[in-house]
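Two complexes, one shared chain (chain A), two partners (chain B, chain C).
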Partner chain A sequence: MTIDPFLIVGKRYPRIDSKDKVTGRTKYLDDLKFPGMLHGKVLRSPYPHARILRIETARAERLPGVRAVVTIEDTPRVPFGSYRSGVKDELIFAMEKVRYVGDEVAAVAAIDEETALEALDLIEVDYEPLPALLSIDEAMKPDAVRIHDDAEGNIASHTVTVRGNPEKGFEEADLVLEDRFETPLQIHGYLEPVGCIAAWDASGRLTIWAPSQNPSWSRIIFSEALNVPIGRLRVIQTFIGGAFGGKLEQKLYLIAAVLAQKAKKPVKMVNTRDEEFQTSMPRVPMRIDLRMGVRKDGLLTAKEHRIFADNGAYTKYASAVVNLGTYRVDGLYRLRNIRNENFLIYTNKLPTSAFRGFGNPQITFAMESMLDHLAEGIGMDPLDLRLRNAAEPGDITAHGFHYISCGLKECFKQVSEAIEWKRKRSQKGSGRGLGISATSHVCGNRSFFPLFDGATAYVRIDEGGNVKVITGEVEVGQGLLTAYATIVAETLGVMPRMVTVEPPDTDVAPFGLGTWGDRGTFIGGAAVKLAAAEARKELLAVASEMLEADPSDLDCKEGKVFVKGSPEKGLPFHEVAATAVYTRGGAPILGKGTFIPNSEIADSTRYGNVSGAYAFGAQAAEVEVDEETGRIRLVEVVAAHDVGRALNRTTTEGQIEGATVQGIGYALFEEVEFAEGVMLNPDYLNYRVPTALDVPPITSLIVETIDPAGPFGAKGVAEPAMTPTAPAIANAIYNATGVRIKRLPITPEKVLGSLRKTKV
Partner chain B sequence: MRNFEYFEPKDVNEALGLLSEHGEKATLLAGGTDLIPRMKKGLISPSYVVNIAQIASLQKIEEDQEGLKIGAMVPLSVLERHPVLAVRYSALHRASGHVGTPSLRNVATLGGNVCLGTRCIYADQVQTWRRTLEPCLKRGGERCYVVPGGKTCHSSLASDTIPALLAMDAKVTILFPSGQRTIPIHGLYTGDGLHPLKLTHGELLTRIILPSLPTGARSAYLRYSFRKAIDFPLISAGFYMEQNEGVCVDVRIALGALAPGPIRLSPLEEQLKGETITTKLLRHCSEEAPKEALRSSRSGRILAFVRRMITHLVYHGLTEVSEPR
Partner chain C sequence: MKVKIHLDVNGYRYEEEVDPRLTLLELLREDLELTGTKEGCGMGECGACTVLLDGRPVKSCILLAVQANGRKVTTIEGVEHPDGTLHPIQQAFIDYGAIQCGFCTPGMVLTAKALLEENPTPTEREVRRAISGNLCRCTGYQKIVEAILACGERKTVTVVGEGLNRISKKGS
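What follows is the complex of A and B.
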């Protein structure tokens, strides 16, 4: 047995932000108020597609209490996009045309929200309705009108990627299957609506307070859209009440900035829940035509997909979702012969974008569903088929990913044992079934931000012994603050609660790419660890004078700095910290750490090792299907994830459980519906996120592969943990009933309809 | 939300006075779990809100020879934990426990649930939605989105407690400035989606009376919803049966959420009365149920599925109330 060398890493400490949250002390954006602050509201398009003939704001401007009314005329009209190397098809307000119900047409700032709302009603807009293209099929018709003039065929992006020799691969197969899968528009479902406060100072410098997932990166895009130099713009992240990819660059922040500039006052804007649904950049719906070949011995020989993805009216991150998100699945199993074709299609619906999993849940649902039929076709256990092809450490995938640590097979082993795969799969009948599925994911993605990859952090210790971490990375609810506190506490030998992490302020924090792509712990955490190590070195140097010992003979643990072997003679941590400040002209101990992962920008064919590490996971579900009602009862979900190392077991399990619940929603409940281009269920009553009663026991199993590059070996888990849930459930339903539902969500109505068909 | 004046009368007379003084501009607040979201959405904009939470007489549960009298302002969470209800009025007991979530049931009241009115995913949309599409019948237009081409409003009376109370033959007492009346609960509903309640302005529903039930009588409540909490039912169903040595003496089947009013399956009740209850008979009745239930109404979306779930609920409900205690 090995001795656990850690006092804090891998243990179960409470989250450092939990007490403030549960006692209502955490200040979110909407809790902030400034003197003279105005309230802004947006006038949105009531049409899915229409020409703007006239906008008349005079009556609104005359309403007492109104301080500013703005339209496209008040903006620099510089097209911008969310994805740096992608399409720039957006302006701050609609110009000439509106392209979806909810498109921003004008905005008002007034002394209170009621006045702003009243003023919206006084803005007159004349529209000439245009044909609305509400589905990818309508948008792709040869005679369809163009949603954007320069997008022929309403295609926002089209890519083809070929690896190996797919034709030969299919020839070598003993069985080739082809099928179509469809995935719905899923809403992030966070509780805190998007909001912001924008204020310009007298010198013309703009500050935006917002629950932003990527303050430093946002600033670049905002500077472009507002035509303000980066240095004249400051973004301060406020505490985030859930994000899941939805709180990247939001247009609302820009609108607030334009209003604040015109009104010369701070302007606060907060979405209502229905605005949140209408404009919040949810998951990209996809129609996936998938073809795969397998040999009798279980070797997967080829894979081909053609995806039609619904971009909505503007290109946010959907081009990256479809092009950089859906090819990761090809490295989950050892696929060599691949052809991927992706179409991103404009429609007159809300723009879709980044959401936990980033394209992976869509394509993984399709591929993992098909694997069960391939296994069935060659008479192989679906688990054995997966194990036969599963990625292993040392693999270089068809797209050039280098897998250093990879616990995929161990994840399969642990879930299949925990759910008693072999025993239960051999028992037929009883309406119960088991399904399994897996995922692989990046931990950061070099291709996203070509300028650099990496992160930088400072660890500062003041004269009171308080330890402060300053980074550009963002807590979005995933537990990043606690992860960083754990890393620092372990390194400095203090308790995690002694450590606080400052929310990013672009004037203070180092440039950080923010929270997305499972990069927070792996990349940001590695920087924090290096910074903490440097702080420790400084601390020990100061203590070596005080203790008259060589720094290499010193150690710090449990709040004390001491000569190794005699902790009883040690100095309290805070005394050393105070001495450091008072003997060095007020300079606090300050460690700086920079981590640059071993990643590369993918080439023009998207080939390259884009991430410094890769995360893996497998999940199994057991279901019971009532053949009279079609009702699906989840008996259990077991989720095993290769997290590198769990820095905190409780928060790691929390991440796995939360993601699995989101996966259950994707599998069984969640779908935005439209009527004539208008969202039909823009609230949490009619858009059904699973409740606690709809969620079965979830067993989280942590697989530790100790990645050599991660902080203490840690990788990411937030995104991959939701990906395998839906296909595992779909496969379990197939196992229980023989019914294959290829379109999420799997509702009782769909199951019952298919059951009847199979019975006739 | 539009500004309004707020009142908390201390007794029913004060409440009645406020109601008659402000007429159509006043709205009763009887818990508010449905009213407040509707006000926020701008579906109703009362100038006066009369909260009757402080009226002690509306909070009581009393029993006498007439039966169990439940004050309109008794919270649903009290009913779901009430020992008498659990034993003798199983249908209402269970229906109360199905509404919303535990925290909503702490606030929502039986009177509020009985006077819930109808709902519709199209008619109940936020203002931006209503700006976009032509108004429906319920919002003063001429169109029905539930049943395209429909000439009447197809909103849904989706309260959980109404079918349960109908099955138990409950009565309600309504107070008005010059007196009061006690009527069978089915008399409270018009079946018209535009004006689903037979209550006029100035009237106050004060209590719900459950009749004393003969020994051997059983009641039950079943519902179909997508999630196990929060959701309103897609179909709700209340059942009551009284048997004598295996022969059905009296039976009531009431369905909710399918139409603007509750639906009694009277033809099926007639088929069951006087008959010896067998599985075959119940099977037959449940197969007939969708036809009877949807005769006067149409649930536009997922109709085939709704039919099958009606059969499912009616079969299981009747089975439950016909089993010996």
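What follows is the complex of A and C.
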């Protein structure tokens, strides 16, 4: 038996923010109000594609209670784009043209929301409708109009990546399969709508309060779009009611800033749920043509994909999603001969962007679906085929990722045992089936943000013994603040509830890259651990004078600082903290930690070790399909994830369970539908987010590989836990029925349709 | 035209002059500044705005304030005991990790409270049915269901120390 060396790490301490949340005390953006605050509303395009002939705002301006009406004329008209994309195809408001239903045309700030809405009706806009390109195929037709003048063929980006020798790889294969897979437009569906408050002070300094996933980074883009120096701009993050990639830079913040500047008053804007659906930045839909080769002995010899991805009308993070997100899967299994071609296509629909998994759920659905057919074709168990090719520690993948810790095979072992793979797969004919799938993911991505990789944190202890973590990283609901409190509590020997961590204010916090790419725990946590170690050193130095002992002989645990071996003669933590402040001119104990992972920017061919660690996982699903109705009953999902080390078991399980349920939604329910460019189901009633009745028990299994670079060995889990779910379910349905659905979501209609076809 | 209404919110009596079109949610959040009740969709579909009206869960975004005239409203601010002790359901939500972003939590706690008052020992199916009008996009519901079930079985959750591994699940 090994002795657990930790008092806090790996346990089930309550989240540090849970008491405020469960009593309704946590303040989200919409709970804030300021004296004199105005309410802003946006006038949006009713056309998917049209020329703006005239905008007349005079009547709206005259409406009593209206304080500002703004259009493109009130903005600096500097094109901007998401930081990574390299494409700058957006302005704060539409200029000359609108490009999707929902495109921002004008905005109003008024004394209340009702007046603002009334004023929107008084703005006259004359449009000349243009041909609307509502699908990738329409947009790629040779005679199609251009959505953006400089985008020939409506191509926003096109990349080709080749590794090894794909032709030779396919020649060496005993079986080559080729197929087309399609994935839907999935909405984040976080419960808290996007909102913000913008206010300028008399000296021309702008403050934005917003549930931002990347406050420091977004400041760069806001500064560009508003033509305001970064230092004149302050972003204060408010508690976030769910984000999942959807609360990166939002245009709403810029519109609020423009309104607030003109009205000289703070302006609050909050999306309606309808706006959330119609104008948020949902998952990139993809059409994936995939070709793979396998030898009789199960070795995968080559893989080729061609992706056509729907960018929507403007380039947010879809170019990164398609180019940095869809090639990670090539390291999941030991592929050497690869050809990937990605097209990102403009259409007259809402812009698509980052969503948990970031391209991985799309391509993994395709590849993991095909693996089952390759296995079947060579007469191999799908699990054995995966194990034959699965990544291992020490691998350098075809794209240059260095896998240090890698528990993929252990994840396969644990899920297959838990779901009784061998026994149940051999029992056929009950309408039941089992499917399996896996994922690999980054923990941070050096290529995503070109300026730097890493994180910095401060740990400050005041004279009352209050331990504060100052970070620029972002709690979106996943439990990051609790992870940081855990790391600090373990290092300083105090209880997690003694540690406070709050959402960042860019005037105070170090530059934090924010929550994306599964980086918060691994990178941010490592910085917090270094800062805590510095604070501990300072604490022990102060205590060594008080106890007349050498600092190296001291320890701190359970709220005391003591000479090793004599905890009973220890000093209370808060007494040492107070002495530190009172004997050093008021200086609190202040530890600073900076962690820079061992990662590199990928080269022009996207080769490079872009992350300091990689996360892995495998999931298995059992389904029961009613062949009369096509109805799918999900019996169970088992999810095993290599998280490095679980800093808190409860919150780690919570990430796995929540992500898996988003994966279930992706697999079975969720798809935005359009007619003539207008969204048909922009509400929770018609767009099915899973309810408590839709989901089966989820068994989460935590695999700990103790990554050498992670804080106490921890890596990320939030993103990868969503990726394998849909293909595991698709494979289980195939196992149960012999029907392969290649277009998500897998609805009873599709299953029934395919069943009828196979029976004819 | 304003309408005079009187109602009891969390044990306090209020007399308000309201626009007849004002929703109960707007009355609570804007006029009474009880911001614990959340607006997620404004169309009665997500359940974030759930409050109790005479003990029954209702969606306050699609109820008019005038419909609460003469009735008793409980919001999340009224769930804990006046001395600050958490209600057993609140404590169970904390202990079982049933909270992530927290935006659905107030509505979820109130729905659970109403369920347990009507049916103190619900089955898992009954719990899932009761909360099926409250969407949660973060947790996958599992820990919420566990918290409510534990509360039902035990009535009160015993708090042991700081919570060190005090949750043992069946079969582990």
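Assume the second predicted complex is superposed on the first by the 758 of 760 C-alpha atoms of A that agree within 3 Å, B and C clash if a C-alpha of one lies under 4 Å from a C-alpha of the other, contacts with A are read in each partner's own complex, and residues count from 1 in each chain.
Simple rule for what comes next: contacts are C-beta pairs under 8 Å (C-beta built on N, C-alpha and C of every residue); 3 or more make two chains touch, one makes a residue touch a chain.
Everything numeric here is computed off the predicted structure, so don't read it as measured data.
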Quick one: classify A:Val101 as touching chain B (first), chain C (second), both or neither.
-> first
Now for A:Thr605: first (chain B), second (chain C), both, or neither, which partner does it touch?
-> neither
Superposed model, chain A: greater residue contact from chain B or chain C | C
Mind working out whether A:Thr651 is in touch with chain B, chain C, both or neither, as first, second, both or neither?
-> second
Is A:Asp30 contacted by the first partner chain B, the second partner chain C, both or neither?
-> second
Once the structures are superposed on A, label A:Gly477 by its partner contacts, choosing first (chain B), second (chain C), both or neither.
-> second
Between chain B (first) and chain C (second), which does A:Thr583 come into contact with in this model arrangement: first, second, both, or neither?
-> neither
Could you tell me if A:Ile240 is touching chain B, chain C, both of them or neither one (first, second, both, neither)?
-> second
What is the contact status of A:Asn227 with respect to chain B (first) and chain C (second): first, second, both, or neither?
-> neither
Contacts of A:Thr758 with chain B and chain C, given as first, second, both or neither | neither
Dual-contact residues of chain A, meaning touching chain B and chain C, are 272, 683-685, 691-693
How about chain B: which of its residues touch chain A in the complex?
-> 3, 101, 121-122, 125-126, 128-129, 131-133, 145, 224, 226-232, 302, 304-305, 308-309, 312
Within the complex, chain B is touched by chain A residues 44, 46-47, 101-102, 114, 272, 274-275, 278, 628-630, 669, 675-686, 688, 690-694, 747-749, 752-753
Per the touch rule, the chain A residues reaching chain C in their complex are 11-15, 17-28, 30-31, 188-193, 239-244, 272-273, 476-479, 495, 497, 650-651, 653-654, 657-662, 683-685, 689, 691-693, 695, 697-698
Interfacial residue positions of chain C with respect to chain A in the complex | 29, 34-43, 45-46, 48, 75-77, 79-80, 86, 90, 93-97, 99-106, 109, 127-129, 131-145, 162-167
